[in-house]
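In structure tokens below, several structures.
Heads up, the next two complexes both have chain A, just with different partners, chain B and then chain C.
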Partner chain A sequence: MAALKLKKKSFKMRGLGVLVAVIALAVIFSIANSNFLSPYNLLITVRMASELGIIAAGVTLLMIAGEFDLSVGSTYALSPMVTAILYSNFNVPIIFAVMVGLMLALVLGFINGFITTKAGIPSFITTLGTMLIYRAVVLVMAGGMPIKIRSQALISDVIGGTIGELFPVAIIWFLFFIGISYYILEHTAFGNKIRATGGNKEAAIAAGINTTRVKIITFMFVSFLAAFAGLVQCFRLGSVAPLNGRGFELQAIAASVIGGTSLFGGFGTIIGTALGVLITGMIKNGIVLLGVSVYWQNGFLGAILIAAVIINTFISKRRR
Partner chain B sequence: MNMPNKARVDNLVYMEGISKYFGKIMALDDVYFSIKPREIVGLVGDNGAGKSTLIKILSGLYPPAKGVIYFDGKKINFSSPKDAIDAGIETTHQDLALVDDLEIHRNIFMGREPKRLLVGFIPYLNKQKMIHEAEKALENIGIHVDSVEDIVRNLSGGEKQSVSIGRATYFKAKLVIMDEPTAAMSLKETKKILELMVRLRETGSAVIFISHNIHHVFSIADRLAILSHGKKIADLKISETTEEEVSTIIMNN
Partner chain C sequence: MCKKAVTLFVVLVMLLAVFTGSALANKYKFALVVHVAGTPFWIPVIKGAEEAGELLGVEVQFMGPEEFSVEREVDYLETAIAQGFDGIGVAISDAEALDEPIARAMKRGIPVVAFNIDDPYTPNERMAFVGQSFTIAGNVLGRELLKDEEIPANAEAVVLIGEPGNAALEERCAGIEQILDEHGIKSERFSAPLADPSTAIDMMKSYIRAHPNLKIIAASEFATAFAGMAMKELGMEPGELLLAGFDLTPDHNQMIKEGYVKFTIDQQPYLQGFQTVMLLYLYKEFGLSPTDINTGVAVVGKDDIDQVVELAEAGYR
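Moving on to the complex of A and B:
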């Protein structure tokens, strides 16, 4: 009985690790700069994490299903680019332009899922390819220049505005998609199928689950979230730059893994990912407050990533 | 084989001339196999005889290269395990087919999760029902685990097998197929599983089970079929043969 309780505890400890990291970073940064924990700065920290967070929620679900999507950064730029061009250059009403951008994302996700499952090639490869292809399309469409999107319409504020003067709506969208992803994973039959598909695909198939369908739908979900995150930035800044989102795919995976998601599928938590994303926000913000070169941001993230995986692996091994 | 229509109608399952190749290897060669409702049939033979292949075809994992299968009198063409499950066939596999990272109750209801609709349209997984029914499913087979909310990875081999069997026997199937159901089990657990198979027959299911233990087969089965190198070499009523005879047949082939 005691042995069983210890095993159960270790299972949950994987999630605790990232919480400890968040607290540790908060302490370190606030010692270095007392402004770190001010409400205004906390808001900025979370906002810096929000767009990545929306993407990471989807990436986590996909990783639990046993697949990767390296094309999210390109979709993050491509969908809003299409929206911006339709609106600014072709005078398509903004609502339709947004809908087309989001539906395009569903198609891009479908392509990823379809190729991976039907051709039977690793999703790492499929999405490495589509990452390059979708990015090329963005660059060609934009002629290498940012496209402006000047809209006073309500939808612009709903997606990318602020409440009052200071509270970015981006944070609400982050919490919204985290909430939806958590709900799907924990409280729906589909979420159970995702975990089964990623945990043991053969077992899932033998139990009657259509794993191809599960994967394709999840790919479409990730792309949709990536596109939405891109729209959040697009409406926040009023423009879409063709190189937006470069590197997001790796940061999203890093945040998920720091939060405890397994690279091999079958295990992951949305809360863990949210904390992992928070860590990326804290690093970006903290580095600036410390006056350290901005180029160290990703370096710091890389160090934490390695440390996190070593710790998580150590905990898993102790469980046996 | 002389009266195919009678064979189709009398039997729950009638497999006619089944062949299966894996590349150049002939896993099954023109096998005829049948089972009546409420019958327990043992499938025996040495390793590599084709036993697992035969039941994998019946459970919908892959189609036969040649041959026809009739289930409940109708010709069937399973394109996936879901088709077999929907038709009323439940299977446990030798490799257990459980997801280690998932809890017991989620494993049992994998693929047919009980759900509700909140405010008419929001899908909602009925976890309370899953937990409760999972506990019932395991109680029914007389196996006890500390908590159905524990993940499968933490269970012993025998407990994992019980979960797998609990799943297969919970859903009131017409046919329950078990591949080496007692392989990792203690003597006590084995006795419970053999009793379970008898109870399944009493409550209306037919049972096919693969076993290396001829003694177990003789203790509960009505018939047994012996496979060797992909062919069926004997199909005998238990009452008309002995354990020695069966062992001899297997050894000599």
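Moving on to the complex of A and C:
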């Protein structure tokens, strides 16, 4: 029990680290250009983080359970692509098209979980494979071309529109899924099972937890979130391009790790991930603000990632 | 621990202050937003824009994702709108996705001029377009390619389009296909990634080997450079296949020099950067309404290539 309490304390320290980083970046950017703090710019910054944030929430839960999903970027494109094709080419009513896309995502997630647990291979490998396979399916289905999805229906605005003139609904979805993931992780028995499975699988099984079921369900959850994020983007832009989402899997992992999630499973917080995702949005925004060449964008993210992990490791070592 | 954090903090602030540069002296700040920043095509555009900026005393910032992504171009566009740029030039890479942000920019009093790619399909608020007339350019390519050539009866053609959905490339393809149709030549489209040369060359090699009746390779951009290199690697002679494309990239120029590519069509990208900045400046300073500027359809073949390469290496073409 004491061990568990100590671990919870180190969460807070790790969470603190990324919060300090967010504040530091905000201060630096606003010194560089006062426009950074304008409400509109802050809105854009958060909006840019929203789709990644939805995905990262799921990725974090999965990492806490001890697994990785590299296929999220492909699912992010594949589900909306199916929706768009059903709607635009086959005149399926938009609501059904959306539902089919989301259910497809659950299937894709199930495949990831099933192969990983039943074949006993590392999820890194399974999802590396499905990442490539799902992406190939997208390219073949689309014939390389983006598919338009122009819908006036309510669902298009609900998922990807704006409130009033300026407030993107994407942000609300981001907060929504962060909230749900937080609740699952911190306040449900399933959340405890996720932590136990990732922390020490043998002990979890001994304690009567069906780790296979936990993992498969979590994989399905991640894919669902990836598909939903893809739909947010698809309704916002009015089209789905076959290459959408490439690189998201690594960014989601980076954001989770910056937020304090352990690569080895068992530890992580949703709030930390939300802040980590916010940092990626701030970097994208800050690059333009500072007039730095856009080629540096991923470079900065990489530097912060390494710094964050070093700091987090340092903190958890001191805690012992 | 606290001391270390403070030191780190101060160092970071100083580092970033170095990067910020002297934004204070310039009168206006313009943003040029594109859909892909990682290809050499943009070098003359940036040079034209920056040199116009120097002449006029305005700051020009160029931005876009390294790989083709409409989604991220929209992000950059929205960031530019939110950060108080005085004017925006944008390549409208997707007829629908950019309508709304452009309208919003105009509403906030930020002039928007389209360059390189326009939106002729859906109503768009941009004030003017600086670039090439694409369908006509495609026609010109088709005609010049077939001029004085003997085409066997069952010859096939392929039209390359590296960024499917990019309106400019689509129109060029249509222009080329129109001429091929007129001559009764069967053609199909193919896509090779512009930002990934080695993959593109391998894909072209496979394509050429799989199509024994292939005689013509036309590109709506500079992928014919990769097709030429593929021919070379396959041991084919220059002129065995007829190649022509667009734009003056180093690889393309080399292939023209070696004779694998018959000619390229230059859209004079320097002008696209230069004139866009000019139009924005004249609007901000004097209220002069931006007008469309056709930056041209210049055919550059083996005879002119040396002189053009000199200028290309200096970043002007």
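The definition used in the following text is that the second predicted complex is superposed on the first by the 309 of 320 C-alpha atoms of A that agree within 3 Å, B and C clash if a C-alpha of one lies under 4 Å from a C-alpha of the other, contacts with A are read in each partner's own complex, and residues count from 1 in each chain.
Keep in mind that, in the parts below, a contact is a pair of C-beta atoms (placed from the backbone, for glycine too) under 8 Å apart; a residue touches a chain by one contact, two chains touch by 3 or more.
All of these numbers come straight from a predicted model, not from anything done at the bench.
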Which of chain B and chain C A:146 touches, first, second, both or neither: second
Partner chain in contact with A:40 - chain B first, chain C second, else both or neither: second
Touching partner for A:193 - first (chain B), second (chain C), both, neither: first
If touched residues of chain A are counted for chain B and for chain C, the larger one: C
Touched partner set for A:176, first chain B, second chain C, both or neither: neither
Which superposed partner A:238 touches (first chain B, second chain C, both, neither): second
Partner chain(s) touched by A:114 [first = chain B, second = chain C, both, neither]: neither
Contacting residues of chain C [partner chain A, same complex]: 5, 9, 12-13, 16-17, 19-21, 23, 31, 37, 59, 61-71, 74-76, 78-84, 94, 96-97, 104, 164-165, 191
For the chain B and chain A complex, residues of the former touching the latter: 59, 61, 80-82, 85-86, 91, 93, 95-102, 106-107, 109-113, 115, 123-125, 127, 146, 150-151, 154, 167
Chain C contact footprint on chain A (complex, rising order): 20, 24, 28, 31-33, 35-36, 38, 40-41, 43-44, 47-48, 143-146, 148, 150, 165, 233, 237-239, 241, 243-244, 246, 284-285, 288-292, 294-295
For the chain A and chain B complex, residues of the former touching the latter: 1, 4, 7-8, 11, 186-193, 195-196, 199-200, 202-210, 262, 266-267
